[in-house]
Each structure stands twice: as C-alpha cells, then as structure tokens.
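In the two complexes that follow, subunit A is the common piece, with subunit B as its partner first and subunit C second.
And then the complex of A and B:
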C-alpha cells in the first residue's frame, strides 16, 4: 500500500473529526475552563478566576445533591425499563404472522413525534382537571390522579413519556439485530429439543449482545442528558421531584446567570457519565467474536 | 405581565400602520438626510410593528432591525449576548425587575442626560423607580400595567352574589365567599392570571403591610417567611386545596374565563381589550384590585423597559429610538392598538376623562387608570431571576398541597444562598 493510499481513510474521516472537534471537544474544553471562572459584577463585565470555588459552591448546595439523586433514580429505572421493553417489543414484532407490517408501523409510530411535541401532548392529556386521562378514569369510576402535580408521581410520568418514544425507537435496533441471527441456528436448536425460553436465553440473547450493549449505552447517554420534559412540563418540580441534572445546570446558567456553577455541574456530570458508560462497556461487552 | 401582550401583536399591526401615518412626532429627522443610514437591532417579544414604522418615518436615517423572539427567549438571549459583551442588540428589552441585575452587571448605558428629571416626572413614579439602579436611569419604562378584578356578572348574579360596582373594592374574603357560591364540578371561582408568579401574588403579603425583600435588595430570611407572608399564602394554599375554589395545573386563564370555567380572576388591563374582542355571550365587568380587610391597597405594576447596550456601536441611534419609544406618541400608538397600558400620567388622565369610556366594557379603562395611583413595582434586586424562580416553585408546590410555612422557609433558605454571590 502506498503512502498516499494509507492516508486516504484519514482524509475521509477528517470532515467528521473536524465537526466533532468544533461541536463537541471545543465546547467541552470551554465548559471546563468556564467552571473555574465566575462573573465579576462590574461595569467591565470581566470574568474572575475563582479556582475550585464553583465546585465547592455546588457540592455545598442541597438542591444540587437532590438533583443528582433524582437523576440517578430516573436513570436506574428508565434505562433498564427501556432496554427490557424495547427487546420485548422487538421480539413481538419480529414474529412472522399475517399483518405484522401493520402492527410494526403502529408500534413504531411514536418515533415520528419529537420529544418536545410528545411531552406537550402528554402534558395536556395528563392535566388533572381538564385532561383526557382523568376524564377516562372518571368514566370508569376510578380515582382521578394529580400526575405531574404530585411529587410522588411526576418522575414516573416523565419515565412513561420518554419511554413512549424511547421503547419503539430502541426496538428498531433490536429488530435489526434479531433479523441478523441466521434462522438455521434456531432450527438446529429446535431439532435438538430446545424450548422457546432455552432458545431465547442460549441463542437469541447471547447473539444480540452487541446490539444490547449499544442500546444500553445509547439509552444511558440519551436519558442522562434528558432536558426537554422537565423544561416543558414541570420546571423541575413539584418540590424538585423532576429536577434532572441537565435542567438544574441549565437553570443555574441561564435563569440564575451563574455560568460558573452551571459549567462545574456539567463538567462533573460528564465525568460521571464517562465512568458509567465505560462500566457498561466493561460489564456487557460481547463474550463472543 | 408582559407575556400576554404578544398575542395581540397581529391585531395591532393594522392600527399601527394607519396610526403611523397620522402621528406627529417630536423626533424629527436630522437636516442632513443624505448621510449613511444606521441600522440598529432591537431584541424583543413586543408588537414592534406598532411603533417602528412611525419611528422610521420620523427618523429616516435609522433602520430598526427587530429580532422577534418569544417571551422567555428575551431573558435567555439577553443573559448570553450581553453577558458575552456582544455589540448587539443595540436596544435591549428589560423586564422591570431585571433592571437592577443588568445594572449591577454593567450591561446598560446610563441615560440620565438623555432623560432629564422633567421628562421623568411625566411618567408613573413607580416605573421611574423600576428603571433606576444605583441612582442612575438605565432603562426607561415604555409601558405600565395595573391589575384589575374581572368577573362574570351573569354567573355571580345567578348564584345570588351581588357583584362589586366599578368603584367598589372587594376584600379577599368576599372573593372567597363569592368563589364558594359559584364553584362546582370543573367550574372554579377565582384564579390569578399569573397564578405562580410573584408579580400578581405580591399584593397578598404586601397588602398585609410587610415588604417583599429587605432594604438591601438581597435579604429574604425573616421577610418572605414572616407570619404575614405565611398567613397570606396559607389562604392561597387553601383556595387551591382545602376549599378547592381555584383551579390547579397549567392554565390559560383567558380561555377558562371565556368558556365560563372560571368566574373571577385578577388580570392586567390588556384583558379589557382581549375580552372585548372575544364578543363573549355573557356580561363581564371589572372592579378595583381586591385587598385584605383593613389592609393596604397594593396594585402590581411594571412594564417592559428599554435600555441601550453599553457595547453598542450605534448608541446615539439606539438612544433616539428609546426616546421615541417612551414618548407620548408611542404611548398613544400602543394604547390605541390595544397592546399596552400607557406609563405617561397625561395619557392616564386622558383615559380617565374620556367620554368614550363611560360604558362597559370601556368603563374598565378608567378603573385601571385610577388603580395606577396604587402602583407597586416588583422587588428591586439584582437577583430577581433567582427570587422569582424559587418563589414560583414554592407557589406551585403550595398549589399542589404543600404547607405555606414549610415552602416559604425552604424558599427563603434557597434564595439567601443564591443571593450570596451578589454580596
């Protein structure tokens, strides 16, 4: 291979690398730098180097720790739920029965709706006084619910809304993974007397491990960085019950004007996210070639 | 108060274009028209078309480029762009309570020389106060607002309640009793238009004679959780929960009122115009803002203010636009288009004396004009965003059942913590 040919792949990669550099790495470095500065309240508008002050301020704030707790709880539930349900959905719509195309379309339809629109539509449907859902509950003589107005229910409602879109979306990846498993392997297992459960646990699931790892990591990143539902529906409430870390950081920066604390929060968050994702890769990495 | 204004922007446009041709301006074009045209930018969510054509006509050497954004985006973009030292926007829309915050950060050009005391004396005093930081006028007001008590007369009368007359000021207890008489199923008695914002809720504690922030503009501990505050918001909490006379959730007050799902509400004078345009199938009227029995009359006011970006490259042109926007001509244009309530005392007197305003619904205009006498601005503090946001969450939690004392104690602690950065 000539030297020129050796360079070719890198030339093709260059535009993407440049975009990633501009839109990802430079903002990360700028955010890291910002986390060590604070607004100097003067007519110069200059920034002041404050060392670790923003981090100390953040770690001393009970609201921040409450936000961390809510974010971890949200992710511990939503990621497992989305992976399990999307795998289940993919198994269902992978069946070769008459009219499956129609059901696939129906179940995958929520993907076409943006999270912002879905959040607002669900927000209207779940309005405790005038919403559709409580209207149905009333008709069925069941007790009406406060939904997003209850500190006990709001986080679960957000989990439901993001999963309404997330589950069919991630199911698409599982569906692609399932269709890549050769039918001959399933047939051989059946001939050897394996029942459907054994087939799933010993053939399907192991052969889906690459897809599972990808979906788990991708849902983790998507859900850790979730912002729109609390912004559009709850403003982080009631009583901080939906104050996810991205929303909390945004509020510190753009409502309270404290960009330093906001950047510190995001920097810590990025570090934690890298650790979580690395752990997922380590634990769930494919055991087969 | 201002978020409602934008919905009338379309209605205002036709009137503004006609009015622009007729207006006689004090702001004449410079003698040398051949000079290069200066373009200035104005970031706003307001119906700019109501005054910009008139300004262009009177000032052909200046082009105003309007950057129309949503209500919330005004705050965010100001924060990011002014905070980064940007030269644009040249003209900055500032919500009244943020004047101190922008002043502290040095984002706006002081305008004392351009607006002498004599011109400021023509404006409602509370608004001059709102536009001033550290003794300097940095953002003159362009609008005004005074809140009124609106009610569905037909429903009140049918429930055996005698509604207040145009001069009669109800107490909150009367409001509560009337609300109890009309509330049933999904029909509620009373709600504030801005049910979780300090702007319309501050008369509750302030009407009991206590302040909403310390004299230093930073202290809240012992103030927002004082017994009078707790008592006031205990009433507010019970209206939403124990007595269930006020609706919960995210509300569109105008829609609820128009559909007779809400019978009484507190709203700004913009509601007079918008309700009139709806041609509702029931009689609605307005009365002065309610008070506590034996309490002080507190009527929330405030407005958008306009400032000049301290880093603007076209300060002179920007100042001329701000001068025009605060003029009688502009005040009249906005009022006639139904966009806003004027901040000039002369115009308020004209509204009070006008023979056109003697029958409903226009009779509500003189009531609003007279209420300007009790105009009270929002707290003047560099940390208004923090103050409003944290209190807003506390109000929302109270609406959903949390106790007033617990929520106000927690809010005081959080606000004090955020205010430390301004010490």
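And then the complex of A and C:
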C-alpha cells in the first residue's frame, strides 16, 4: 500500500511534527527545568539552579497539602460519579421509545457549552441571595442553602457543575460502545430467561469494559486538571475547600509570582497523575479485546 | 442515529424511562432557559420573578435588548470578531497541517514512521492544562504576549485532527491515487484534486472540533492575550462575570447567552459530525 517517496513524506510531516514538538513536548521539559531554578520574577532577574529548593518549599507549605487533599477528595468522588452517571445516561438515551431522538439531542446539549459558561451559569443559579435554585426552594417552602459560600457544600456544588457537562460528554462514548454490541447477544440472553438486570451485569457491562476503562482514565485526566470553576466561582475557598491543585499551581505562579514552586507543583502533579492512570489501567484492564 | 427496527432490548418500564428523561431535561434546560430569558430583562426587574420563583422568570414579559447594548458598549462585539477571526484562522491552519501529516502517516512508508506516530498519539494524552504555564513562559520569551500568533500557533499542534485525517485517508482506495500519479500529477496536486474532495465529512468534523475549541478557549487566552484588543469571548464573559457580579447581572446573562448560543447553533445542525469526531478521537484511539 504505502510507497517510498524520498523526501515527500518528511515535507508533509514537517509542520505537524514541528508544532507538536515545540508546543506539546518542549513545555513539559521546560516546566521540569523551571522547577529546579529560582524565580524569573526575583529582584536580580537572573535564574539560578536551586536543586530541590522549590520542592522543599512546596512540601513545607500546609496550603499545598490541603490543596492535595481537596483535589484527591474531589477526584475520588467525581470520577466514579461521572463514570456511573454517564453509563446510566447512555443506557437511558439508548432506549427505543417514542421521541427518544428529541431527548437525546436535548440531553447532549451541555457538551457544546464551555466549562466556564457552565460554571458562571450555575454560579448565578446557585447564588445564595439572588439565585434561581434558592428561589425555587423558597417557593417550595424548603430551607434555602448557602451553596458556594459554605465550606461544606462548595466542593459538592463544583462536582455537580462539572458533571453537568461531563456526564453527557462521557455518555457519548458509552452510547457508541452500546451501539457496537450486536443485538443478537441481547436476544439470546432474553430467550435464555435473563431478566434486564442480569442481562446488564452479565452481558452489557462486561462487553463495555474497554469503554469503561477509557472513560475512567479520560475523566481522571480531565478532572485532575480542572481549573475554571474555582477560578471563576470560589477563588479556591471558602477556607481552601475548593482549592484544586491546578488552581493552586496557577495562583502560585501568577498571583504570587512563584513560578518555581508552581512548576514543582505541576511536575509532582504530572507524576502522580501518571501513577493514578497506570493504576486504573492495571486494575480495570479490559478483559475482552 | 442508528434506528433499528427491533423493539427488543433490556427495557426499563417505559414510564420510568420518560420520568428520568423529563427530570434530566429539566436539569439541562432550566439554567440555560433562565439565563436566556433573563438576558432580555431589565436590570431592575431581573430578580423580580426569581425571588420567590414564578414561571415568569423563564420568559421575559417585557423583552428588552438593554443588556446586549450594554455589553456591546463594553467591547463584547470586539471579542466576538476577535474570536471568529482566531477560530477561522486556526481551523484553516489545522486543516493544512492535519491533511498533510495525516496523508503522510496513512499513505507513505518512511523511516521513523512508528516513532513519529507514537509522538502524535502520546501528545493526545498529555493534559494541556499541565503544560500551560511553561508554554506561557515560552510565549513571553518569544515576545508574543498579546499577539494573534500566541492565540493561533500553539493551537495548530492538534494531534486529534491529524489522527482523524490519518484514519480517513487510510480508507481511500489505492487505485484512485495510482491513476493520478500515472498521469504525472505531483503529490500536492493529488491531495487537492483527489483526496480533499473525498474528505468532506472529516473536514467538517475537524473544523467543528477546532472551531469550538477556540470559541470555548479560556485559560490560554486569559494568560497570553489579556489586552482588550486581543480579548476572546470566554475571557470577556469571565471579566464581566468576575468584576461586575451582583451589580450588572443582566450583562453577565447576555454575555453568557452569546457565548453559549454560538456553539449550540453550530453543533445542533452538525451534531452528527461533532459527536462522531468526539467518539472517533476516543474509542478508536
């Protein structure tokens, strides 16, 4: 099929490979390097090699550990929740009922909306004083809630907001997986007397294991790197309750001018993310190939 | 999609299906509809039907464009034009880079092909947020802060588009290409006269994907182009949102409506393409 064409393939590839090397790979290396140097924004303006100083400084900072704790808690909940709900949504919009096409279009709408518009929209709707949700709660004679102003509720509100976009988005992958399962398999199970729940747990779910692993890993990456909601809505608060690690790293670099600690934080973060993703692959290794 | 004729399937009872569908539809629609309706309401009356809630909050009784006038007075129109220009340029650039690279990976045999393809695939797995800060430092060192190239050039390094084109080009029958080559056509000519006209579906898919990623871009433009002359839509929305919250909610409603409506208008008619691009970039990868 393919031909030897001298330089032609390299010329065709040059722009793409150059762009990917410069803008996708060099920043990783540059970030790694930055984490071992003093800050560019210091008084002298010179950068000097400082070894592990940035890491030591970071690890001595209780704010950092609090941010790590919040990020792990957020992810422990949101990733499992999004996998389960997106599978549920895919099963639901895969039902053959009248009008399902309309509902499918409607329920997938949030995937076109940016995370920051979604965050702002829900931020307004959940405003304790003027928001739509408290307006409805009041009308129903239910107690109104502080939502993002409460250290106990804020992280849960963020989980809800990111899932409003995330669940329909990931449901698409499950929907594709479901539509790849041959109809005959369901028929056979039904004829053998399997009820719907048995059918789901013994047939559908195992056949979706590749998709499930993919979605779990992809949600993990997406949610570990979540930035916009704390930036737009909470500034990491109240009392650090929503200080997710990407936002914390951004604040270190741009609000406090500490690029070294920021780069160190992101380097550690990337290392941890690789370990988490590898662990997910190992534990949930697809059984069917 | 995929309407099959058999009704058989592991079915929940239909009433529960409809109850779940309607409940979820309310969760999806309610905030969007509220923001849409409120964006056409006067600043003074914007909360009248929210506290306590009446259904009038979801439909403006005396529609007005005052909020839209206010945001356009503050330069929102500029942000829309900027974003359209950046997004369209990025789409064209990504198509050029993606078709050439995709074609090379699909149809040519050359040294280091495996290694280069692995680099493209691995680049898809690096979370872009994690490279944003060093990439920003690079932009600074290049003196590209507040320039169009800062917004466009890094976005051209799009592995997903290369991947989509490679998958599509691998399916084109070899005879088509051979015939043209025998007639003495150069490879760039084969690309433009034979390959590209066949590739309309994947061109549409990639264009929607790239356009939306630029329209919805927020973190990167906020860092590299904070100047109002280079302001992008999502940054403009967030500035109205962060600075003017509680005072000018109507403006925030109007800006959010525009930021949300453009992708919806694009995605609704092209939903099939957009969905297949998302699924194509994940499941087959």
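Please note the rule applied: the second predicted complex is superposed on the first by the 265 of 289 C-alpha atoms of A that agree within 3 Å, B and C clash if a C-alpha of one lies under 4 Å from a C-alpha of the other, contacts with A are read in each partner's own complex, and residues count from 1 in each chain.
Methods note: a contact is a pair of C-beta atoms (placed from the backbone, for glycine too) under 8 Å apart; a residue touches a chain by one contact, two chains touch by 3 or more.
Source: prediction; values computed, not measured.
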For A:61, decide between first (touching subunit B), second (touching subunit C), both and neither.
-> first
In the overlay, answer first, second, both or neither for which of subunit B and subunit C A:106 touches.
-> second
Would you mind checking which one, subunit B or subunit C, touches more residues on subunit A?
-> C
Quick one: classify A:130 as touching subunit B (first), subunit C (second), both or neither.
-> both
Does subunit B (first) or subunit C (second) touch A:120, or do both, or does neither?
-> second
In the superposed arrangement, which partner chain does A:259 touch: subunit B (first), subunit C (second), both, or neither?
-> both
So, does A:246 touch the first partner subunit B, the second partner subunit C, both, or neither?
-> second
Mind sorting out which residues of subunit A both subunit B and subunit C touch, each in its own complex?
-> 123, 130-131, 254, 259
Of all residues in subunit B, which touch subunit A in the complex?
-> 75-76, 79-80, 83, 85, 101, 104-107, 186, 247-250, 261, 310, 382-383, 385-386, 389, 392-393, 396-397, 399-400, 402, 414, 417-418, 421-422
Subunit C - residues contacting subunit A, complex = 1-2, 4, 6-12, 14, 17-18, 20-21, 24-25, 27-32, 34-35, 47, 50-54, 57, 96-98, 100-101, 103-105, 107-110, 113, 116, 119-120, 123, 125-135, 137-138, 153-154, 156-157, 159, 162, 174, 187, 212, 215-216, 218-219, 223, 234, 237-238, 241-242, 246, 249, 252-253, 256, 259-260, 263-264, 266-268, 271, 274-275, 278-279, 282-283
Provide the residue numbers of subunit A that touch subunit B in the complex, in ascending order.
-> 38-39, 41-45, 61, 63, 123, 127-131, 146, 149-151, 235-240, 251, 254-259
Complex interface listing, subunit A residues touching subunit C | 1-5, 8-10, 12-13, 15-17, 19-28, 30-31, 34, 40, 89, 92-97, 100, 103, 105-117, 120-125, 130-132, 134-136, 138-139, 164, 168-169, 172-173, 176-177, 179, 183, 186-187, 190, 196, 199-200, 204, 211, 214, 218, 221-222, 224-225, 227-228, 232, 246, 249-250, 253-254, 259, 262-263, 266, 269-270, 273
